[in-house]
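What follows is a short report on a single structure.
As written, the chains take the letters A, B, C, D, E and F, and residue 1 is the first residue of each chain.
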Amino acid sequence: MWHWIQRFSSPKHFYVISAKLIPWFAVPTALLMIVGLYQGLFVAPPDYQQGESYRIMFVHVPAAWMSLFIYVVMAVSAGIGLIWQIKLADMVAVASAPIGASFTFLALVTGSLWGKPMWGTYWVWDARLTSELILLFLYFGYMALQSAIEDQRTADKASGLLAIVGVVNIPIIHYSVVWWNTLHQGATVTKFAKPSIDIHMLIPLLLMALAFQLFYFAVILVRTRNEVLYRERNRRWVRELIEQL
Amino acid sequence: MLTAFYHLLLRDLRLALRSPHELANPLIFFVLVVSLFPLAVSPTPDALRQMAPGVIWVSALLSVLLSLDRLFKQDYEDGSLDQLMLSPNPLMILVLAKVFAHWLLTGLPLVLIAPLLGLFMSVPNHALPALIFSLLLGTPVLSLIGAIGVSLTVAVNRGGVLLSLIVLPLYIPILIFGANAVDVAMDGMRVSGQLLFLGAVLALALSLAPLATAVALRITAAR
Amino acid sequence: MNWSEFFAMGGYAVYVWSSYALAFVVIVGNVVLPLMQRKKVIARIKRAIRRDAILHDNSIAR
Amino acid sequence: MPLLEVKSLECRRDDRLLFEDLCFSLSDGEVLQIEGANGSGKTSLLRILCGLRQAESGDVCWQGQRLQEAREDYYARMVYIGHLPCIKGDLSVAENIRALLDTRSQAVSVDVIEQSLARVGLNGFDDVPGKALSSGQRRRILLAFILLAKAKLWILDEPLTALDVSGVALVEAMILQHRATGGSVIFTTHHGMALDGGMRSVALGGASAHKQTSQTRSTTELC
Amino acid sequence: MLTAFYHLLLRDLRLALRSPHELANPLIFFVLVVSLFPLAVSPTPDALRQMAPGVIWVSALLSVLLSLDRLFKQDYEDGSLDQLMLSPNPLMILVLAKVFAHWLLTGLPLVLIAPLLGLFMSVPNHALPALIFSLLLGTPVLSLIGAIGVSLTVAVNRGGVLLSLIVLPLYIPILIFGANAVDVAMDGMRVSGQLLFLGAVLALALSLAPLATAVALRITAAR
Amino acid sequence: MPLLEVKSLECRRDDRLLFEDLCFSLSDGEVLQIEGANGSGKTSLLRILCGLRQAESGDVCWQGQRLQEAREDYYARMVYIGHLPCIKGDLSVAENIRALLDTRSQAVSVDVIEQSLARVGLNGFDDVPGKALSSGQRRRILLAFILLAKAKLWILDEPLTALDVSGVALVEAMILQHRATGGSVIFTTHHGMALDGGMRSVALGGASAHKQTSQTRSTTELC
C-alpha cells in the first residue's frame, strides 16, 4: 500500500497516468450535465410555492456543495503534504483553491439571485450566507498566502497549515442552518430520513451534483498537471517531454 | 522633475503589483470589515440601512489607515528613503508621487467597490452617487494626511498604533462629512454642501500636506 | 409549453437565466484557464530550454 | 575653491561628544578616508556631509556655498551609500538599479545596466529579485549604482561590507578609476584598502591608534 | 522551561513598557474607533444601544488585529526569532510566552476599559458583566489565533493586509458569539451558552494554537 | 565520533544548485572555515547546520544523532550568530545580552556581564540602549553573548562584519581561546583571519580560487 502510494505520488508517474484519466471524467461530466439540464429545465415540474424560480437550485445547490467539498479536499491534501511530505498532495491543494473559490463565488451569486424573488432581497446577513462568504475569503487567504511566499516549499507548507486551520469553518457553514434560525433553507436533500423533495426535482439535482463532482475531478487533474510541469521544470523528464511537443 | 514624479509613481505601482495579492488586499480588508458589522450587530434591514454610511466610511478609513505603513516605513528601513532625500528633485514632488501611488492602490479600489457594498447593506440606489463621490473626494485626503502621520512616526519602533493615534483625530472631520453626505442623500436631500467641503479640504490637503510631509521626513530621518 | 414561455420562466427569467449564464461562465472559465495556464507553462519551459542551450554553448566556447 | 569644505563641525549623540571643531576640505581628484574605531562617529559624520543629519554646530560647504543653499546642485553631483542595503526585495536587480537612478532623474538603457552588472560580477542576475540575493550580492548592486550615477563626489560608508576578495579588489579599482577622471571620494572602512598614489585620511575619536594602514597618511587638519 | 517562559514574558513586557506610549496605544485606538461610530452614524440613544455590542466587539477585534505585528515581526527582522528557535526549550512554550505578553498588553486593557465604553454607548448596567466576560474569554483567543496568522506571514513583505485577510475569517465566530452574548444579556436573558462556547474555544485554542504557531514559524523562518 | 557530521547535503535556492553531496565533519577542538565567493551559499549552509533551514537532501548529525532528533541537546550546546543584529533598540546593552542568554535558560550576574562587556570593548555601555549604538558596537554585543553562552560549538557567519581592527583581533583571540579549551568553531569570513595552529576549510561553489588565505588548508572531503 505505502509503496503504491509512493509510486503513484511521484509527479512523473502522476503526469503519465492522469493524461489517461482525464477523458474518463470529462466525457461523463458532459453527458451528465446535458441530461441533468434537460431533466431540470424541461422535465421537472414547477414548484407549487416558488414557481419556476426554484430551477436556480440545479446550479446553486451543487455549486454550494462543491464549495464545501473542495475545501475539505484541499485541507486534507494539504495535511498529507505537510505530514508525509508528499509533493503531489501539495500540488493538488494548490490546484484546488481557484476551482473551489470559483464554485463558492457561483454559490454566492446564484444564491443571492435566488434570494431576490424568494426573500425579497439579494442579501441578508444570516449565518449561512455569511459563513459562505467567509469561505470565499478563506480561499482568497489561501491563494494570497501561497502567492505571497516566494519559496515554493515554504509557501506550500505555510498555506497548507492555513487551510487546515480554516477547516473549522466547514462544520459551521453546514450546521449554521441548524444552530441559528435563518432565512436559508434547512437540509432538504441531505437529511438521513426521506428527502423532503419531489423525486422529479431530486433526480436532476443529483445528476447535476454528480456532474459538478466529476467536472472538479477532471479540472483538478488538468491543473495539477500544470503544477507538476511547472515545478519539475528543471527535471530531465519534463525537458525531454517538452522538447518533443 | 515631472519625470522623477512619474518614475517614482511607476516604481511604487510596480512594487505593489509585483505581488498580485497586494492589489486585492486593501479591498478585501475593506469588504471584510464592512461585513463584520452586520455579523456582530445582526440587525434588521432598516437598522442596517441606517448604519450603512457610517460603517462603510469607518471601514474605508481603517483600511486606508492600515495600509499607510506601506507609504514610507519600508523605504525608511531599507535606506531607500535616504536616497530619495538625496535626490536633486524637490522632496515634495517625490512625496506627492508616493502618496498618489498609495491612493491609486488603496483609495481608488475602495471607491470602485463601495457601490457593491452599499447594495449589500441596502443603501438605496439614489444614494450611491453620493457614496461614490464622497469617497472619491475623501480618500485622497486620507492618504495625504496619513502621509504626514507616517513621516512623523517612521523612526518609531512599532509605531502602528501611535500612527493611528496621530492620524485618526485628523481624519474625523472627513469621516463626519463623508458619512453625512451619504446619510443626507439617503433622505433624498442635496449633498452639494458636503461634497464642496470635502473638495475644499482636498484642495487644501493637496497643497499643504506634501510640504508638511517633506519637512517631517527631513526631521525624522536624520537617524 | 412553448419556447417564449420557457424563456420567461414564469416571470423569473432574469434571475434564472443569469444564474445559468454565470454557471456557464464559471464552468467554461474553469476549463479555459487551466488550458491557457498549460500553454504558458510550456512556453516558459521552452524558453528556459533555449536559454540553457545558449549558456551551455557559451561555456563550451570558453 | 575646494569641492567640499567642512568648517569646525561638532557632533553629539545623546550626551557624548563625538567630535568638535572638525575641519577638513576635499578637492577634485582627492580620496579621503575617515578613520576611527567602532562608534567614533564615522557614520554620523558622513550623514552630516550628505545633509541627512544636522550637525550641532559648524558648516559643510559645497563649492563654497553652504550645503542647505546648494542642495539641488550638490545632490545632482554626489552619491552616498551607507550601512543600509537600499534594495527592494520585490524588484529585480535591474529594476533596483533603475529605481535608484530614477531618484537622480537619470535614464539608462538596458545595455548600460548590463555592462555595469558585468563589471560588478552580477552578470546574468539582472532579472533575479532582490530578496533572492546573498548579502554580498546586494552590496554589489550598490556598486553598479555608483558606477552609473556619474557623480563627482562619492561618499561611501564601509563599501567593503560583505564583499569577498574579488569584491574588495573591484571597489579599489573603481575608486582609483574615479580619481583618475577627476572625481573625489570620501569613505570609511575597517579593512585596509590598497590604493596606490596615496590618499588622505581624517581620524575621529583619537582611536585611530588601532589602525595600522600602510597608506601614505596626511595629518588631520584640525582647526 | 518555566523560567524560559517567564523570562521571555518579562522581556516582551519590558520591551513594551520601555516606551510608555506602547502601553496606552491599543487602548486609545480602541476608544477612538469605538467613538468613530457614533460620529459617523449620529444615531439616537436607542439605535446606539442596539449597535453597542457589535461596535465594541468589532473595535476590540480590530485593535487586537492592528497590534498583532508586534508579536513576531520585529523579532523576525532583527534575527531574534532565529535565536528563539535555537533555544533548547520547546518553541511552543516560548510562543505561549509571547502570546501571553501580547494579551497582557492589548487584550487585558481592552477588557478593563470596555465597561466604561459600554456606559458611553448606553449599554444597560446589567449587561456589563456579559460584556466583560465575553471579552475576557474572547480576546485571548484573538491573540492565539492571531499568532498563527502572524507566524505564517512573518516573512512576507508588507504582510499587514495579508495578515488580516488570513486572520479575520478565523475571528468571525468569536465575534459573532461575543457580540451575541452582550446582545442577549441586554435583553435580560442568560448568556451562559455563549460564554461556555467562548470558553471551549479558548481551551481549544490554548492547546492547539501554540503548536500550530511553532510549526508555522519553523516553516516560514527558514529564509 | 565527530561532534558534527554533514552527510551529502544538497541545497538549492530557486532553481540554482548551490551545493550537493557536501560532506564534512568537525571534531572537538577543531576550527573550520567555510569559504566561497559572494552568493556561493555559505549563509545557507550555516543555517542548515543550525537546523533553521531544511536541506533539499542529506543529513546533519550532532554526535551521531540526526539533528531533528537531537534538537534539545544540540541547541543547548551550540550558539549561532548570522548577518542579522539580534539587537533590540529599546533594550539596554546589558538587557540585550540577558535576553539572548535567557533563550538558552542561562542566568548570569551583573558582574559577569560587565566583565564580558569589558572584554569586547564596550565597558561603560551597559545601560546604553541598543538603538544608540554604532554598527560595530552592535556586533560587539553579540561577541559578548558568545563569550557568555558557554557553548561547545560556535557557528559564526561573518563575525568580522563592521568590526574595527581591535575588534578583529578580539575575535581571533576568542576563537583561539575557545579552541584551546576544546571548543569547536565553524565560521565564514571574507577577510583573512590570523589563526595560528591552523584550521581546516571547506570551499563552496568552486569560487574559492579568488581566496588567497595564508592558512594551512586541508582539502574538502567531498564524498
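One rule holds in what follows: a contact is a pair of C-beta atoms (placed from the backbone, for glycine too) under 8 Å apart; a residue touches a chain by one contact, two chains touch by 3 or more.
Not measured: the values here are computed from a predicted model.
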Subject >> Other chains in touch with both chain B and chain C >> reply: A
**OP:** Would you mind checking which pair of chains has the most C-beta pairs in contact?
**Re:** B-E
Subject >> chain A-chain B separation of Cα centroids, rounded to whole Å >> reply: 36
Original post:
Where the centres are mean C-alpha positions, what is the separation of chain B from chain E, in Å?
Top reply: 25
**OP:** Quick one: report the Å distance separating chain A from chain F, using the average Cα coordinate of each chain.
**Re:** 49
Original post:
Distance from the CA centroid of chain B to that of chain F, rounded to the nearest Å?
Top reply: 46
Subject >> In chain E, residues with contacts to at least two other chains >> reply: 19, 157, 162, 165, 168-169, 172, 176, 222
Subject >> Numbers and ranges of chain C residues touching at least 2 other chains >> reply: none
Subject >> Touching two or more other chains - residues of chain F >> reply: 14, 54, 83, 90
Original post:
Which of the residues in chain A come into contact with chain E in the complex?
Top reply: 127, 130-131, 134, 137-138, 140-141, 144-145, 148-149, 151, 154, 157-159, 161-162, 165-166, 168-169, 172
Subject >> chain B to chain A touching residues, read off their complex >> reply: 19-21, 24-25, 28, 32, 35, 38-39, 42-43, 45, 48, 119-120, 122
Subject >> List of chain D residues in touch with chain F within their complex >> reply: 13-14, 36-43, 83, 121, 132-137, 140, 158, 161-168, 190-191, 207, 210-212
**OP:** Over in the complex, which chain A residues touch chain D? Could you list them?
**Re:** 150
Original post:
Contact residues on chain D for chain B in the complex?
Top reply: 47, 50-54, 71-73, 75-76, 78-80, 82-88, 90-91, 95, 99-100, 102-105, 107
